[in-house]
Amino acid sequence: MTSIVALLLWGAAAFLGTAMLAVAVSRRGSATHLVYGATLGISAVMFAIATAALTGDPAGVSPVTLPLGLPWIGAHFRLDALSAFFLVVVNLGGTVASLYGLGYGHHEPAPHRVLPFFPAFLAGMNMVVLADDAFTFLLSWEFMSLASWALVMAHHREQDNTRAGYIYLVMASFGTLALLLAFGLLAGPDGTYTFDAMRAAEPSRFAAAAALVLMLLGAGSKAGLVPLHVWLPLAHPAAPSHVSALMSGVMTKVAVYGFLRVVFDLLGEPAWWSGVVVLFLGGLTAVLGILYALMEKDLKRLLAYSTIENIGVIFVSLGLALAFKANAMPSAAALALTAALFHVLNHSFFKSLLFFGAGAVLTATGERNMEKLGGLIHRMPLTSFVFLVGCVSISALPPFNGFVSEWLAFQAILQSPDLPQWGLKVMVPAVGGLLALSAALAAACFVKAFGITFLGRPRSAAVEQAQEVDRYALAAMFTLAALCLLAGILPGLVIDGLSPVTLSLIGSRMPVQMAQPWLSIVPIAESRSSYNGLLVFVFIAISASLAAFVIHRFASHALRRGPAWGCGFPDVTPAAQYTAVSFAQPIRRVFGTFAFRAREKVEMPPPGATAPARLTVEIHDVVWETFYQPITGAVGYATEKLNRLQFLTIRRYLTLVFLYLVTLLLVLALWP
Amino acid sequence: MNGLTFDIAHLLAGGLVLVSFMMLYQDRLFALINVFALHAVVLALSVAWQAYVQDAHHLYVTAAIALIFKAIVIPVGLHRIIQRIGIHRDIETAVGIGPTMLAGIGLVALSMVLMLRVTPEADPLAREDLAFALSIILLGLLVMVTRRNAVSQVVGFMSLENGLVLAATGAKGMPLVVEISVAFSILIAFIVIGVFLFRIRERFDSVDVGALDDYRGERR
Amino acid sequence: MALIAELAVQGAQMMLVLLLAPLLTGFVRKVKARLLRRQGPSLIQPYRDLLRLMRKEVVLAGNASWLFRVIPYLIFAATWVAAALIPTFATGLTFSWTADLIAIVALLGSARFFLALAGMDVGTSFGGIGASREVMIASLAEPAMLLIVFSLALVAGATQLSTVAAFMGSPEVGLRVSLGMSLIALVMVALAENARIPVDNPSTHLELTMVHEAMVLEYSGRHLAMIEFAAFLKLLLYVSLISCVFIPWGLVTARSGPGAYALGVAVYIGKLALSGILLAVFETAIAKMRVFRVPDFLGAALMLALLGTLLLFVSRSL
Amino acid sequence: MTAPFDAVAAILLIPVGAAALLAALPNYKMSAGLNVAASFLTLLAALSLFITDRPQPGQYLLVDDLNIVFIVLNTFVGFTTSVFSASYIAHELDTGRLTAPNLRFYHAMYQIMMLGMNLAFVSNNIGLMWVAVELATLTTVLMVGIYRTHEALEAAWKYFILGSVGIALALFGTILVYMAAQPVVGEGTNAMVWTVLIEQAARFDPALLNVAFVFLLLGYGTKVGLAPLHAWLPDAHAEGPTPISAVLSGLLLNVALYAVLRFKLLLAASPEAIAPGPLMVAMGLTSLIFAAFMLYRRRDIKRLFAYSSIEHMGIIVFAFGMGGPLANFAGLLHMVMHSLTKSAIFFAVGHIAQVKGTQKIADIRGLTETHPGLGWALVIGVVAIAGLPPLGIFMSEFLVVSSTFARQPLLAIPLVFGLLLAFGALLLRLTGVAFGEPRGSTAPVEASYVPMYSHLALVFGAGIYLPASLVTWFQHVADILG
């Protein structure tokens, strides 16, 4: 019998084949259906296989070695619980994105710049997860970056997009080099690049520490950890929306996979301080990410910044898991890791959903700028409904899925007083506060996103002409919305599904959840904490319908439409509505002064003057200005100085040669 | 090897270094060219002496080339060129004469130190020769580097090449020496022709292509 | 059989909060009026208001969407479920494990989320003001609340309210600094969440200072009734929460018989009355603050809560 | 198949004969064809070295594992470049940049240059190697100046002067090696025969070898284009005809590198001489980082890629300097991949410059829109040269960086820094040239896509799959290199 791994590799090969095919046919009309249909089929099959592998016994799957890649090592592929779980995430994302693409693809002005790279991108992500040696891993990793870069460059005529693509690929390359160094360290001078060998080797403390830092740089830059996130809000929105969904919802998860694979699997026992570092970065990322999102008025960029926040949440849980693992608290570590993985899954659901929604808005109106949108709930009722579901889920509100993973993370934090180290003791509650802060800010952010985009009155003519999107896109979005609800009301199912992963990485698992009465989830004991999404959902449904029933039975039915009351001020123009920027103003006042060095300046004309009053808001991207501007400045300075060497006279060049010769001879003369 | 042959070889090679030093402090072009002619003459003598000592007759050819081509043809040619295209006859220095001399002394010392590290079992003649040849090469480079005029740089290059020939002839039984000296002569001829063709009055970089087109008679 | 009885008790708890909520608000208003030497409306005025609103016709803004009409029911339902999950007179009811304290906080968050959306639906500037200020307040109040939850959970070793209440009632708690901090922070959060003075004024209609009222400005008739009712419930919820955690005495455990239940209810009503008086006194004694002073107020709550949690973390190992 | 020695003779004699014929042929179409045919025959002859027995090393000629890599690569790129050159030159003739007599000269010189390079590879005699390298250099000098514009002549002149100094230094180094060998091996030609030298190297005077190596490194290093000896390289690439730029970058640099490697071996065989590794590592890093910085301010597209060649030579020299089986393997692989990729890039750039009528980067925009064939070839080429997978250079960079970091972490940091810096610059320019709102002429181009895409296909294939025989052979060579 052929191994499942071989089957999955055939799937990846089929993706690549589709990519080749797409190159040939991409300019034909039928290409969109053909390519997305193919990717839909392939990723659905891969998804099924991966799910079966996760629920089955992934340990028994035999690895596959192909005579490709590094010659004397070959390309190793393996499937274990961790990779099976991430395959599920990747291919579920791929399936719905393909479904969405079936309809959305027809609006693509340059299909030949999207179709070949879309399957390639999927193939790359699948191969990263399957890879079992450093070379194959990095090859797939960078291939994934490259394919997504090409997709970001699909609409290359806009200057912002080319800049986005540039920054993206440079940062991706930086990340790859960091990973490369990490693997070099783990492989040792003899070049034992297989993961098996790395797992068997005991890295020295220095090597383990350096590898962890390098992984944070490498995987962190791909995932979007602050301060390595700068490319993300530029690149993700620049791609076509279903690709944005894949990049935000899935590719960042592949980065998390890379981090998990190395830090939890290959590095062996972690040091306790690694938990502190990861927690700190995670908390910082979560809060800063969502604050950036709040300041944003471009819908897709807002979503991209929110991805950064969610990555922060995931890394907080990972940091906890590391801290617990380092202190031999396996059950707590399993809880934290489950929280992280659950959030990985959840985020892939709702972020894809939200990007699909943003894509729908974009096709319907041609606008990403929220200040030009509004009132779309009337024109696009179905899209607005699923978008609302996405917003509720991502805001971590019960009974949807986002809440469950945050709840698990909080439960994990509550396990932490038993940690012996002072650093962790002080860090964990503070990070818990940051997590709570980011959750509350996320809710604010998505009130803004939904409220400004879909509610209120239309702010531009384009909105008034908007049409509901096609049925493929709706099918994709409704699937995800249903999944968000399902994972929210049946979290036990997901938690049990994750248990093989925690077993393999931590050696422990959360208690079996599906056996609990009423399908509750109980991390430790019912008397300590429990949550039942299903019952909360049912209760809300019952009490809401009860209230509605009572009202309709006994209260007045009269309803009259009239102009809005607004305290007696008739709003003449839709422009007088609250905008995205004004909505964020209170929060900007509270947090913006230190997070963005925000300044508001009011120019009030003297009494009697007819000049308009003016309010200007100045916002600084502190991360960019602190970390990146000095680098670009230094490179610019160095290039300018060095560039003089291009314009010397021949004599000066000879002088260089001469001085070099004399120096070398001097070295020789002084050689002992 | 008897002492006299060694002393004569030593004397001639040392003389070459001395003449190289003389080049360093010339501030007129014509004087420089004349010193170079002297350099070539001493080289020719040295090579001839080696030919005699090693009993390698083909080296006489090299000596002859040095004498005829470098000591006569090239200096005369350069004189002509300077007059024909009106090159400024002062030597513009990038580094003053004094520092250049000091640097030159340093370079000679450096070559000595380097070559004295060579194990004494090696042929002492070769060893001394090499030290002098290295000095001459470095001094030639020094001339090229510290003089701004193209012609003086050509002269520097030629003296450098003289050092090479000295080294090559000092290496006993080295094949291809004659061929190499011929090849280098051609190379130098190319450079000199280039200076003439491109009307390089001052610097190497001041290539005047219009002049070349005039010469070819096919201006585009 | 036992199950039916338990379900009945659970149902009774749900009805109890529903019935008591307007009364509490009416009581607070009455006490406040008396403190100001006014006669004040009658205690059952809130019930009358609700009935009146229900009978009125709904005037809907021309461009209000379906969401605008659904939200009142959602808010009401979410708040009601949350309120019903707080142990009022008894701990360990059948469904008390459905949601722990974190989930209750999040349920209230859901209600607020939708309320803010409702404020933005019609597209008036007042709705926007209200919504944006509400989320700003929430963005500080919610973390503070969660940190308070952390403190409680660390002391009691659980986030399950029944367990927390039982633990707080037991003698092993003693006086703790961090609990005191949590109490202060919780009161501050509760004031903010219920739109009470000094954060917001429930009885104002001065446009620029409104927060909660600005969001519901466009509501009328039965929709407004639902929202008002939800607000009553929320006040009751916070009062019950504070009392069940910090004055847990008199709580009966589940399955202890009707007599004990009756006693529990009586004690509960007593606690409500006490809290209501305290709230009224506090509100009368203090002035409302400017909107942009609110972050400082809530920031103080946040810091107190964080400090409490940190102290607990640190003292755990001592 | 004929007797084995004929293969070597053929490699040398075919170019000679072709050069003589080409010098006589007036018709440029015929001569372009003949050029292709001769290059192809040379390639066949080189390939036949694989299947026939190797000749015994003589006093002058030698075929061993090391140089066979270089010979085959050299003749292959020489052949593809001649194909590219045929279509390129036709366009140059149409636009009047070159005249028919120019072309006669050009084609003859092309073959002589190939002769020089092949001879440098097969020579077993350090003197002969020197002669061959200089022959190749001087012919390229003439080719660079062939447009006879001011810039072209200046570039050729600069190349000539700096090259001459390099020649002189290399010769002195060669003499020193002879001097070191002569007491041990004896007088005469034998003391210049490579195979003899390497056997006896342990007994040579280490001090002489040290000085010799410095001179050889600088002399041949000038031709490799290592900073700060690189000054001629960017100009020569930018101003000469593009086929010559391709050959310069793809082949001539390899020739010089090969010479450096040979002498590195010699030095490594002498236990008391200084280790050549650190010196090469330092030069490699300097070149890499320097070139990476220089890439940012380039305005001329060919000069841009010329600096990229310096950068890659830096990486290769670094890898060989590190030594060890992994790094040497990586160095060899990198060299082959760089030759293929860089010449492919120059093929693309040549056509691009022709169709746009400019080499200014700022005047070229949106190529993937107007000329997809060229634009995407350039994208793939730059992606490959920047070291992204799944193309061959990724594999070599992977090996270099990871093995270095495991052995000398502090050396890997500047290496990675330089790589990233260069990547940023190349990508910046690529984004401008290949994407964005199209600018400049959109006229269709008569390009020969076969050479560049076949190169890219090879590079792509190598990035994923290296045939086992090739690998064992590379490994063997890597072991030789120590």
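By written order: A, B, C and D. Residues from 1 in each chain.
As a convention for this text, a contact is a pair of C-beta atoms (placed from the backbone, for glycine too) under 8 Å apart; a residue touches a chain by one contact, two chains touch by 3 or more.
Only a predicted model underlies this, so the values are computations on that prediction, with no experimental measurement involved.
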item: From chain A, the most remote chain by mean C-alpha position; value: B
item: Most heavily contacting chain pair (counted by C-beta pairs in contact); value: A-C
item: Inter-chain centre distance, chain A versus chain D - centres from mean C-alpha coordinates, in Å; value: 44
item: Centre-of-Cα separation between chain D and chain C, whole angstrom; value: 78
item: Averaged-CA centre spacing for the pair chain C and chain A, given as whole angstrom; value: 35
item: Whole-Å gap between the CA centroids of chain B and chain D; value: 32
item: Sites on chain D at which at least two other chains make contact; value: 157-158, 161, 165, 211
item: Where chain B touches two or more other chains, by residue; value: 114, 117, 141, 144, 204-205
item: Per-residue multi-chain contacts in chain C, two or more chains; value: none
item: Chains touching one another, given as label pairs in label order; value: A-B, A-C, A-D, B-D
item: Chain D - residues contacting chain A, complex; value: 157-158, 161-162, 165-166, 169, 210-211, 214-215, 217-218, 222, 228-229, 231-232, 234, 274, 279, 290, 293-294, 296-297, 324, 326, 366, 368-369, 383, 386, 388-390, 394-395, 398-399, 401-407, 409, 412, 416, 419-421, 423-424, 427-428, 431-432, 435-437, 463-466, 468, 471, 475
item: Contact footprint of chain A on chain C as seen in their complex; value: 54-63, 65-67, 73-74, 76-78, 80-81, 84, 95, 97-100, 102-103, 106-107, 109-110, 112-113, 116-117, 119-129, 131-133, 135-136, 138-143, 145-147, 149-150, 153-154, 157-160, 162-163, 205, 207, 217-218, 221-222, 225-226, 291-292, 295, 302, 305-306, 309-310, 312-314, 316-317
item: Residues of chain A touching chain D in the complex; value: 67-72, 134-135, 138-139, 142-143, 145-146, 153, 156-157, 159, 162, 165-166, 169-170, 173-174, 177, 180-181, 183-185, 187-189, 191, 193, 210, 635-636, 638-640, 642-643, 645-646, 648, 650, 653-654, 656-657, 660-661, 664-665, 668, 671
item: Contacting residues of chain B [partner chain A, same complex]; value: 94, 107, 110-111, 113-114, 117, 138, 141-142, 144-145, 147-148, 153, 203-205
item: Chain A - residues contacting chain B, complex; value: 649-651, 654-655, 657-658, 661-662, 665-666, 668-669
